[in-house]
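First chain A sits with chain B, and in the next complex the same chain sits with chain C.
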Partner chain A sequence: MKQKVIDTVLNLLEEICGDDVIRSDMDINLLEEDLIDSLDYTELLVGIEDALGVVMAPSELKREEMDTPNKIIEQVMKRI
Partner chain B sequence: MSIFGDSTFFIWAALLLIPAVILGIMEKPIKYYGFLLSLFFIGAACINSPVSLVYMGLYCIWQYGLARVMLKVTEKNGRDRRTFWAAISFSILPLAVFKLSELIGHSLFGFIGISYLTFKSVQIIIEIYDEIIKECRPFEFAYFLLFFPSVSAGPIDRSRRFEEDIRRIPPKKEYLDMVGTGLFKICLGLVYKFVIAALLYQGITYIAYVDIVSRFWVQLGYMYLYGGYLFFDFAGYSLMAIGVSYMLGVKTPENFNKPFISTDIREFWDRWHITLSHWFRDFVFSRFMMASIRGKWFSSKLTGAACGFMINMTLMGIWHGLDMSYIIYGVYHGILLSITEMYQKKSKFYKKNKKKKWYIWISRVITFNLVMFGFYIFSGRLMEII
Partner chain C sequence: MNNSILTIIENVIKNNGEIVAIKSGPHSLTYRQLGEQSDRLAQWLCSNVEDNEPVMVYGHKNPQMIVCFMACVKSGRAYCPVDISMPADRVKDIAEAIGNKTILATENFELNGFRVIGKNDISRICDQAAGSGTAFPVSGNDTFYIIFTSGSTGKPKGVEISESNLSKFAEWSVNLAGARLTDEKRNHPIFMNQAPFSFDLSVMDLYTSLAMGGTLVCVDKAQQQNTAEMFEYMRNSSITCWVSTPSFAEMCMADHSFDSSLLPEMELFLFCGEKLGKETAEKLSERFPQAKIVNTYGPTESTVAVTFADVTPEMIKKEGPLPIGQPKPGTQLVIEGEEIVIIGDTVAKGYYKNPEKTEQVFFQTPDKDGKMQKAYRTGDKGFYDGKNFYCTGRMDGQIKLHGYRIELGDIENNLMNISLIEQAAVLPKYDGDKIKSLVAYVKAPSMEGSFSDGKKIKSLLKEKIPAYMVPKNIKFLDKMPMTANGKLDRKKLEAGLI
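Moving on to the complex of A and B:
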């Protein structure tokens, strides 16, 4: 399951950020590096829900809790 | 008395915060005392209008009742869209009645902080629907709504964050640090509001009396002065509110973070009236965008984003008041955000230069002036000239 989550999140992020750097550095700060904005964030949440059935509300987590690929994967794993 | 507005308030606050600090140092809960303080200050601020206190009480009971019903229904039937929209409408109803009655010139159901309290109530309803909030206790609910440092004009806190703060009793050393930070924020806020903003206000009233108002440079001067005044007045107020919260053991979120160094409008909204714009981001923009992506409402991502920005910012404008100037102010920012989004996603020039020093500085100057023009609209002057 974990592998499926990792693959899904990374695929989504690669598409949304338009950069494959997220694969090589999974602790990269998406906010500081300007890779994800509020708009992309909503796309990410919809993508996660569609692919994995995990519902996350936009106000549920602080952005600092979802600002690296690893943190996002961890939050999704918690909800599976 | 006016909260953070006159010397009577500050004298009372200085006296009545002492017991709170003693409780904090003794590592005892401050919340019950803090609640009494809130009742005292709200009561003193509304002493000339007892009926508004009755309204405020009714408002709290109304919102609490809505939250309880929402909890019950969600628990029983899961996420029900119809109940959700009904609850949201009922939650906004008091504010809508007040704003519309103001428009007619016969103010009805107004009380201190009604606009800000509505954000807090609606947040709770939405998060119950999201099944993030699973319980709702009367004391915590009332304290969250009536917390006096932020009751009249924010910052707009979130209930889950607030409740975590009041539940937790920090160790003595940490609490003393909070008191220190709080006092510093209060002092800085005093300088912002009662020195710098007051000075700028003098300039504004001077300009208002100059006869040659139609002259371009007078208007330009007014624009910068007014923008500066708005910042120092509101940021100063927010600093004081946050400072007093800290002394009550609540880390109310920051409201301003050097807004005038922003390089684009989007960054500006991450730095200006942050708790308001983030509220709109989380509860309006994001939700609209998610619904539009799911429902495939738009053929292109950019159109969807532009639509989201327009709705979000127009609504924010309307929230300020049903005055034409506020609505245009909202629409103006919606347009700016949409243009920014299109430019940044499409322009090769932007992608090539965005990290260069000269580009950043030019962006800052342009953003600053766009923002100042926005405040000029907000001030009502533009409408007067037109």
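Moving on to the complex of A and C:
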């Protein structure tokens, strides 16, 4: 399951961020590097819900808990 | 309602002085305070500022911003709102374009060569007894505000809206909102403000709320970054009228808790600033079955919005885009070729101190009754289906990203001004027919094209243009594709053929 989560999150992030740097550096800070904004988060969360059935509400998550690919994967795994 | 917007607000101040006019986080201001403070600041401006040029008002969502706006127009001067998100270089360009050496700032701000009246000074002036000079408020064709928008040459251009333009707009927007609210809410509507005051969407919530004697609840930048806090604030504020870009509503709807149980008082959603998608409208009507949804359309050059459509289930079911609807009273829409031309009483005076640009798009023409009226060529493509108007896109390089109006040429010119870059092209990246982000293609031979090189270019660009205009991705090319007659081949770039 973890591999499916990793693949899904990275595929979504690569599409949203428009850069494959998120694969080579999974601890890259997406906010500081301007790779993701508020609306991108919306797309990411909707994408995760559609692909994995995991509901993640923006009001339950802090930005700091979701600012790198690894942290996003960790948050999804917690909810599976 | 045939009065000027200022007279209407003065009446609210006289009759409902203790109602909260503006609330922003922990700060709030009643109508009485708004009236007194803006009178004092207007007197001060008359006695201490020789310049009659428009005044830049710099800041974010502090209620003091509205005191400054009111004070400027009461002193006979237009105001120009500039948000803190604007980079220093662009603020300087705007300050120089305006020409007034005095600036009012409600947040920390300094600018060489200008006298900046800061937050504490403004508070001190607003607390003192007013002087004895007579202030002559702006009226009729006098400019009420100037809002700067992205310009294709790389320098922003200022749209001049007259007192008469704004009064006509508010007359319509008050009727539009009033007719869709229940009696109870109409007597004291609570409007939400999402957009910064430098974006003319804010004019829709600010002046409609003030003219109706409502309370304007501002959601600031920090709150917009924290969904839980923002939702709590919205709930505690009992918002009844929502004014935002569709993008902002989409962002809120990503959270399943955003529905009528969170905001039970919500009766009306007013959208402007970008295309309202059917999916957004449909989802929203499911989440807020009791609320009405109105799609509006209009460029800054015709005072916020000139058409409206009540979104119905039939419209959502019908094929094609949602309509922008019917023109407001006093306005006529004409399709010339493919282009939407707006004729009527809210068409702006023109671009500030820029007669050439003004002449290119503004002109006089007889309306359907034969009366000469001001007209504006929008550059928007549209059509009329015999019942409603539709807007289908742009005829040039202007785009809307998350509600922000951007000239691609503005970004390209600022990229070319970076010494490392020889050539640049900026293209929108689409998801269906919606623009998701921007991609810049650059030729920069001295750079390797690494991720950190892209980061460097973005940070240099951020010093010149607002963050929302900075392309998300920078792609390095050894050679830019050219057409046979030596022009940049955008089609090739768009098709990803490089």
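Just so it is clear, the second predicted complex is superposed on the first by the 80 of 80 C-alpha atoms of A that agree within 3 Å, B and C clash if a C-alpha of one lies under 4 Å from a C-alpha of the other, contacts with A are read in each partner's own complex, and residues count from 1 in each chain.
The criterion applied here is as follows: contacts are C-beta pairs under 8 Å (C-beta built on N, C-alpha and C of every residue); 3 or more make two chains touch, one makes a residue touch a chain.
Just so you know, these numbers come straight off a predicted model, no measurement behind them.
Student: Of the two partners chain B and chain C, which one touches more residues belonging to chain A?
Tutor: C
Student: After superposition on the shared chain, which partner residues are touched by A:Glu33: those of chain B (first), chain C (second), both, or neither?
Tutor: A:Glu33 sits against chain C, while chain B stays out of touch.
Student: Now for A:Val46: first (chain B), second (chain C), both, or neither, which partner does it touch?
Tutor: both
Student: Is A:Cys17 touching the first partner chain B, the second partner chain C, both, or neither of them?
Tutor: Only chain C is touched by A:Cys17; chain B is not.
Student: Using the superposition on chain A as set up above, list the residues of chain A that contact both chain B and chain C.
Tutor: 38-39, 41-43, 45-46, 57-60
Student: Show me the residue ranges of chain A that touch chain B in the complex, using the header's touch definition.
Tutor: On the chain A side, the touching residues are 37-39, 41-43, 45-46, 57-60.
Student: Once bound in the complex, which stretches of chain A touch chain C?
Tutor: Per the stated touch rule, the residues are 17-19, 21, 33-35, 38-39, 41-43, 45-46, 55, 57-60, 62-63.
Student: Touching residues of chain B toward chain A in the complex: what are they?
Tutor: Against chain A, chain B makes touches at 123, 126-127, 130, 132, 158, 266, 281-283, 285-287, 289-290, 293-294, 301, 305, 308, 341.
Student: In their complex, what parts of chain C are in touch with chain A?
Tutor: 224-228, 231, 247, 250-251, 254-257, 402, 429, 436-437, 439, 451, 455, 458, 467, 470, 472-473
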